[in-house]
Structures are given as structure tokens and as C-alpha cells.
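Beneath this line is the structure, given in C-alpha cells, with notes to follow.
Order of writing sets the chain letters: A, B, C, D, E and F. Residues in each chain are counted from 1.
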Amino acid sequence: MMPDLGKYADTVLSAYAASIVLLVALVALSLWRGRRVRADLRAIEARMRRDG
Amino acid sequence: MSLWEYANPKKFLATSERVLPAFWALSGLCLVVGLVWGFFFTPDDFRQGSTVKIIYLHVPSALMAINAWLMMLVASLIWLVRRHHVSALAARAAAPVGVAMTLIALVTGAIWGQPMWGTWWAWDPRLTSFLILFLFYLGYIALWAAIDNPDTAADLTSVLCLVGSVFALLSRYAVNFWNQGLHQGASLSLDKEKNVADVFYQPLLVCIAGFVLLFVALVLYRTGTEIRARRMRALIARERAGAA
Amino acid sequence: MIALLLRDLRLALRAGGGFGLGLAFFLIVTVMVPFSVGPQSALLSSIAPGVLWLGALLACLLSLDRLLALDWEDGSLDLLATAPLPLEGVVSVKALAHWITTGLPLVLAAPVLGVLLNLPAQGFLWIVVSLALGTPALSVIGTFGAALTVGLKRGGLLLSLLVMPLYVPTLIFGAEVARRGAQGMDAITPMLMLAGISAGAIALLPFASAAVLRVNLR
Amino acid sequence: MIALLLRDLRLALRAGGGFGLGLAFFLIVTVMVPFSVGPQSALLSSIAPGVLWLGALLACLLSLDRLLALDWEDGSLDLLATAPLPLEGVVSVKALAHWITTGLPLVLAAPVLGVLLNLPAQGFLWIVVSLALGTPALSVIGTFGAALTVGLKRGGLLLSLLVMPLYVPTLIFGAEVARRGAQGMDAITPMLMLAGISAGAIALLPFASAAVLRVNLR
Amino acid sequence: MDLTVRDLAVARGGVPVLEGICFDLSPGQAVVLRGPNGAGKTTLLRTLAGLQPPLAGTIRGAEDRVAYAAHADGLKPTLSVVENLRFWARVFGHRDIAPALTAYALSDLAERPAGALSAGQKRRLGLARMLVTGRTIWAMDEPTVSLDRDATAQFADAVRGHLAGGGMAVMATHIDLGLDAQVLDVAGYKARIPAWDDTDEAFL
Amino acid sequence: MDLTVRDLAVARGGVPVLEGICFDLSPGQAVVLRGPNGAGKTTLLRTLAGLQPPLAGTIRGAEDRVAYAAHADGLKPTLSVVENLRFWARVFGHRDIAPALTAYALSDLAERPAGALSAGQKRRLGLARMLVTGRTIWAMDEPTVSLDRDATAQFADAVRGHLAGGGMAVMATHIDLGLDAQVLDVAGYKARIPAWDDTDEAFL
């Protein structure tokens, strides 16, 4: 399954690992903040509606 | 039905909510297909060996790093001219994505440089101008973060983006003048020799598409987040006005 | 306008500041370099033009943070904005005052400090020319940065962060002129570029600075 | 005391400042060096340890000017001086907060920036060690300088001028450690000196700073 | 020319503070803004001075005719009293600062650096600045803060003189100045919270 | 323990300003400093607070018992009202800031960054700080500047409460606070220019 990367295995794998970590971190952070803001907003809207 | 309708936050939220799943799915698909194709099913380059596989990450991220800045520039102009909040917020939302792309390009490039050029970093024009771009991103984000009032922040960052773009272009020329680098030479082996290029080219295109779609998805999603955060601010202010 | 210029110059003198201190900072940076990279004179002489330019740039940068901030803090800026001067004029005058108090002394001092760093003989003229052409751009660009960050407490470092990348083209061409000059190479092309950047910055940036300042005063 | 430390750290974070920006300045100084001295990697690698130290020093220096000045301007310092905290403690805590927000990030970032300057492989450990030992001294000495200049408007440059000579021994030994380390030479002796300077500064300077501050508040 | 304010709404930090403000001011008249802390007096004055745009409504006759005195005095501590004053006089295209010095009894302090003045002396210098602007409309934010009785009287005289010469003045203050002026209590113009409805734009 | 001031002389910027000041303050008493601008009230208060040494004379009973409120409020614009107050409470070793918040009606503004307060609101926060110090002697420089009527009443209440609890207060002010307090007009203690004689010190 794993292709033979020869003497550059470390190089290629670390490049892939680093990029994928960065991409995943970016998406995860975006989603995490998105969720939180959405929840907070919902809470505030509910509160304001209740209070008038 | 004009495009400006989406400048209405509500409309924007509703529409982006509808199309987002498709973008997420498509971008994920393209990325997986392109990267798997590139990683597992392409031959090694005769000179660079297996390191060519890095190209599937390096080139798309480099492209998107530049395009993200261009998108911010356009959004800033729209904000300055037509004052649509969504457009300012979209610029704000794009900046961290741009930073991440720049970082990926820098990191993969540096890792690639170690075997190819024998050094992690060289002051090659293309590399250097990327570093400068990175600094611009940092400054832009720091300015957004430093200002409380969102409209003031939008105005200031927009002007910074405009002025910064001009200076980024200037730096590009300056850097070229200052040092003829390594990078072009390395990339020529792929560009010019068509016979090798094709094998790498097709998965590369898929990867580029994946990055573009991912960028769009992220920016849409993050713009939504910014809009909500902004609305939350407005609501808190309104509550405060009621209380005071 | 002239009143403003005179006031700014006078303030720079009064505070025990302006002239002397920008210069002193330049001096100290230059002096620190041998301490940090070691005293070999061949090495020093090859980096001398670059160090002088970097020192000048940092001296400019450091003096930027209070270019507008002091006027902001004590309320003068609000009052100036309601005075019968166009804001573009105000920022231009401020940049000019900054150049006179910081850039000009640097230009004049550079040859002296060049001696400390073993600058080759033919390099002296060029370092002066390049600084004379480049420092006005540094002042104008710096004023833009100062206008961007004027309302922010502790804006000093943010200011540096914003201004530094804007300084890159000026620095590259300026240092290139000085370096080529020192090595006896042809320095006309980068010099023209440097002059172009300065001219463009002086002509256009005050508008951006004034716009930004207006937003900040709002 | 802890309340004061927490407040200072929180302020550093709030202002969008502290952590990120000191670092950013360090990054930018390092990046500017090749632009000014040229891109030859052999040259860069020979000056790399010195440049990193100089950059760290300047980043510290730049963040000093508001270490006490902000508290002075808004009157907090008067109030702190009448509070039941010893003034020696106040300045020590301020120095500590400065180190945490500025020195520590610099230490951590130095290796990354070393890459940009082609620092030789064996130099990485030594640059980190030397900065970790030296930056506390920079913060404490800087606090002394800030206390000296606290009442002065536009004290920023004067502050640099006063503090720079005080930084010289730290810089010399620190850069020496880093340079010897990078060249594979023995670096123990300068390292001991560096540690001695830091320890001495931390132990004694707060008293001087507090005394000076008391005079300035008078 | 009159100063006419119609249906003015002002915001601070993005929050509407006052709305529906109307008043007219003819030469020789003054208006005193009153209202509790945080009501929006400063915000209104800044808007009149043109430092921030109104949220709604119109201001006519203010353009380039307003001299503004804020909470802060805009003095340079290292310049002397005369230098500070002369600077502002020149910015506004006037030359003679002697009347301003005498009006606020600053002649004795003329050569003192502004940083070495007491709080009330600083304020007097800040107020003297209004006299050298030559502007018709004075917009002043709590002008009498820190002033002692004599200085308050000097201030009242200066304002009376200004009005007598066809000037106008808008002042925010918490204490009674004994001036003959309209009083505008801004507390009555508090911006209402817009009715809550779902069709509303996402940002207020 | 009483606060006893005897023959106090104070200087500002090297120039003697006041001399021969004597007063006593027992727990529950307050003294109001009056005097024209530049008379030396601020200088006297700074001396009492221990920020500057007296030129001559003695102050007994002030050591570490004075809480000082200056012209400036010492607020951090980026910290919220509660954070500002809590910081000072912890510096002075106290915990509970709730009474201070209620005394100056700051509860509604609790989470607001101090930089976004109006002038009077800032002042209220600055005064609330006095309540969390737990110090016996309050030295306050023009405390009611920028305050509206309600806030001035809150301040007077706070001072009365402090005095009733055995505290003392020294205040400089130009307006009448309606407090029952000794009045000390510093104008009467103006430092005489020392008689000129050659045996005198070389400088002065």
C-alpha cells in the first residue's frame, strides 16, 4: 500500500503531516468558534425575547 | 436580483447555510482524491525523487495564500465604496485562512528545500515575498484585533489592505531586483518538460480545486460566524442601552 | 501650517528629544553591532552599509510612536481636527517635522558612524545620498502607521508591526544603493527606484493618513 | 502582588499586545537584516547569533517604554505607591510581567528565526540557553530605565539611550555564548558570566528602581 | 447665521445615545446642556463640532464655525502658557493673544510651562484658547471643572462678551453658571431601543 | 488615632507653596480644603498621602493609613469596571467589591470596559475605589468633578458613611458639598518669600 518514498521518506511525510495538521487545525478552530458564537447568540436572543 | 442582495446579512446567512454543506463535501472530496492520487499513484520525478509529491500541497496553498489576499483586497474596496458590512466581515474572515495557507506554503517549501537546496531557507525572491506577505497578514489581523469598534476597525483595516497591497507589489519588484534566486530554477524542471509534467499535472489540478473549494467553504462559514458575533455585539449594546 | 511645524519642532527640542535622541539611538545601534557580531573588521566592513540603513530605519521607527500619540492623548488632535487646517496638511506637516528632527540628523551622522564600521571609502557619498533620498519615505510611511494606531493604548509595537513590511521596498533599494556604492558598483538604477518610492509616498500617502485619522477621531 | 501580576498580564493580553507583538518585532528585525546586508547565506550565517541577540534586545527595549509609563499617565502609579505594597515588590512584579510577555516568547521563537538566518545546527541549543539566561536581566535593567524616565513625555528614546549602555555587558556575554556555541567552541565561561549578571541584576536592581521611582513620583 | 439642529440622533461606540434633538441658536444666544452622567452630552458636543457624523438628522450652520473645548485641554506641558496660546492663535489665523491672557488673568503665568500649572490654571488656559480661535460657536464640555470662584466669574464674563459680540455657545455642565441661556435637558431625548422584530436587519 | 498636622510647609517644583499649616482630625471628622486655583491644595494632599516629603513641619498618624484619589482616576481603559475595582481591592487586601459598586450605582456598568465610560462614570468608578481600600483617611482631590447631582449625593453619602464608621477625610474642592466639616482655606497659608539676607542658603 505505502509507496516507496526512498531516501526522502522523512521529508515527504513530514511535509504532509505538517500541512494536514495545519489544515485540520484551521478547520477545527473555525468550526469551534462558529459553534460557540452561534450558541452564545442563541442564548442572548432567547434572553432578549423573554425580557421584551 | 442583484449580487448586492447578499450584502444583507440575513440573506447572506440563509444562502450560505444552504450551500455550505455542498462546499464542505466537494472540497473534502477533491482534497482526498487529489492527495491520495498524488501521494500513492504518481511516479517519482527523475531528479527530485519522491519529494515532488510535496507539490500537491505546496503549490495549491501558495496559490490560495495569494488569492486570499486578493479577495481581501476586493472585499475591502467594496466596503470602502459601498459600505456593506458583510464584505468587511468577509475580509476579516478570510485573513486567518490566508495566514494558514501562507504557513503551509512556507512550511512545505522549507521542508522541500532541505533536500533540494541543502537548506531550509534561502533568501530567494519568491520565498522572501511570501515572508513579507505573511507579515502583512499578521499586521492586518493584529489591527482588527486591536480595535473595539467594528466599523472603525473595518475602515482602518481596509485602508491598510489597500496601501499594503501597493507596498506588497513594490516589495515583489524590490526583492526580484535584490536577489536572483533558486526557486525558479527548481520549478522549471516541472514547467518546461511537458512529458513529466502531465503525470503530476492532473492530480495537482484536483488538489488546487480542493484548496479553492475549501477556501470558499471556510470563508463562507467564518463570515457567518463574524456576522453572528457582530449581531451579538449589537444585541449586547442594545441590552446595555436598555439598562442604562 | 507653519505654526504647526514650528510647534512640533519646538516640542521636539524641548522634550530633550527629537534631534539628539533619534541620533543617539542610531549611534547606539551601530555601536551595538560589533558587540553582538564580533569585532572582525572585514566582516564589519561588508555589512556596514546594511547596518547603517537598518539603524536609521529603527531609529525612525522608534520615534514614530509618539508622532501623533502625544497629540491624541492630551486632546490636541481633536482640537486640530476642528481647526481650519486640512487634515492632509496636518499629517504632512507632522511627517515633515518628523523628518527634520529624525531623518535629517541621521543623514548627517551616517558618515561618522560609517567610520566606526570600516565602511569603504567610496561608500560614504552613497550612504548619504541613499539616506537622504530614503528617509523622507520612511517618515511619510511612518506617519501613516501612526495615524492607523493613534487611538490604541500600547500601540507602539503594533505600529512597528504594521510599518515594518511597508518599509521593506525602501530598505531594499536604499541598502542596495549604499551597498553597491560601497563596492564601487553601479548604483543608479536602485537609486531611481528609491527616489520613485519616496516621491510616490510623499504625494499619495498623506491622503490615506488623513482618511485614517478621521476615522480614528470619530 | 499576585493581583498586580495578573492585572499586568491581562492588560498585555487585552491590548492585543504583549505576547504577540514583542515577538512580531523580533521576527521583523530578523527579517530586515538580510534585506539590508544582502542575501548571501555564508555572511548571514556568520552574523546570525549576533543578529538574534540584537533583535531580542531591541524587542525588549521597544516594549519597555510603556512598562511604567501607562500607569504613570493614568495616575495608577500614584495610587500604587500609596497602596500597601512595597515599591520594590511593585517594580519586581512589573519586571516579571514584562519578562513573561516579552522575554519568554523571544526565547521560544529564537530557534525558528535562526532558520531564516542559516544559523549553524549546533548553534540552536546555545542561542536558546543564552537568551533564557539573559532576557531576565534585560527585563530588570529595562524596568530600572523605565523608572528613571517615567515622568518624561516622549521618554521612549531617552529610555533607549539610558538603557542601551546598561545592556552592553549582557549583550556581550550573551552574544558571545551564542557565537561560540554556533562555532562549536567552548561557551561555559561567558555563560557563567551571563548567569552572574542576571542573578545580580535581579537581586539588586529592584531596590534602585524603587528608589528612583519614589523620587520621580515626588 | 443661526445654528439649526433638527432631529439629531447621535451614537457613541456604535450605540445610539440620543435622538430627536432639535434646537435653534441665534447670534447672542447660548444653550446649556444638562443631564445625568452618561446621558450623552459629550457625544452631542463632539457631533456638533464635526468630530463624528450624526446618526440621523441635520445640523445647519455649524460647518467650520465651531471651536470645541473637550474634557482634556490639549496643552503641551513643555511649552509655556504664551507658546501654547500663540500656537492656537496662529492655527486659527489670529495674532493677538493679549486679550485672552487678560480675560483669564494668565499674564502672571505667561512664561510658566503648561505642565507646571495647577489643575485650575490649566483649565483657564484651555478656556483662553477659545478666545483666540475667533470662531462664532463655542462648544464646551464642562468648562468650569476645577475652576475656583474668581475663575468661574471670569469664564462667565468671557461667555457674556462672546455672546454680546454676536457669538453663540453650547455648553455641557452640571453646575449653575448664572448665565442667561436656554437649558436643554438631554435626559429627555434618550434614544429608544428600536422595537424588536424579526424582519430587522441582522445588525441593529 | 488622630491625624495631626503641625506647621506643615510644602513645596511644588522646588518652590515653597504653603507653610504653617496646622490642623487636627479625629475619627469621624472631615476637613475641606479651599482656596483659589494654584493655592496649593493638590500639593498639600500629595504630601499627606506621602507622595512627597514635607518641606518642614510634621504629619502624625498618616503613615499607611491614607487612601489618595488624585485628579486622574488611575483606571485601565481595557479592563472592565469590575476588573478595575477588584484589582484595587486585592492590592489593598480586601475582597468584597459589591458595596462599592452599589454605593455608586455602578452595577449596571459592571462589565463595561472603563475606557467606554463617560467622564462622570469614570469619576464614580474612581471614587468607588476609595471604598475598597479599607483605609481610614481619605485624601481626595476635587472628588466631585464631572459628577451630576445624583452622583454627588452618592458621594456625600459615602463620605458620611465613612465618617460614621470612624474614618476621616481630607478633601479639596471648589464647590459646596453640604457636608458637615471643618473648612481650611489654604489661601491664608501662602508661603512668604523668605526675607533676603546674605547669610541665607545660596539657592532658594
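The rule is simple: contacts are C-beta pairs under 8 Å (C-beta built on N, C-alpha and C of every residue); 3 or more make two chains touch, one makes a residue touch a chain.
Just so we're clear, the structure is a prediction, and the values are computed from it rather than from any experiment.
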item: Same vs different contact residues, chain C with chain D, by half of numbers used; value: same
item: For chain E placed onto chain F, the superposition rotation in degrees, Cα atoms, nearest 5; value: 180
item: Chain at maximum distance from chain B, centres defined as averaged CA atoms; value: F
item: Chain of greatest Cα-centre distance to chain E; value: A
item: Inter-centroid spacing, chain E versus chain A (mean Cα positions, whole Å); value: 52
item: Inter-centroid spacing, chain D versus chain A (mean Cα positions, whole Å); value: 35
item: Separation of chain A from chain B, taking each centre as the mean of its C-alpha atoms, in whole Å; value: 15
item: CA centroid of chain B to CA centroid of chain F, Å; value: 56
item: Residue list for chain C, restricted to those that touch at least two other chains; value: 15, 73, 152-153, 158, 161, 164-165, 168, 172, 218
item: Two or more partner chains touched - positions in chain B; value: 135, 138, 142, 146, 148, 178, 231, 235, 238, 240, 244
item: Sequence positions of chain F contacting 2 or more other chains; value: 71, 77-78, 116
item: Parts of chain C lying in touch with chain D, wherever the complex brings them together; value: 15-17, 21-22, 24-25, 28-29, 32-33, 35-38, 43, 46-47, 49-51, 53-54, 57-58, 62-63, 65-66, 70, 73, 152-154, 156-158, 160-161, 164-165, 167-168, 171-172, 175, 179
item: Contacting residues of chain B [partner chain D, same complex]; value: 110, 119-123, 128, 131, 135, 138, 142, 145-146, 178-179
item: Footprint of chain E on chain F - complex, ascending; value: 13, 35-39, 42, 71, 116-121, 123-124, 141-142, 145-151, 174-175
item: Touch list for chain E against partner chain B, complex; value: 13-17, 38, 191, 193-194, 201-204
item: Chain B residues touching chain E - in the complex, by the definition given at the top; value: 8-10, 13, 85, 148-151, 227, 230-231, 233-235, 237-238, 240-242, 244
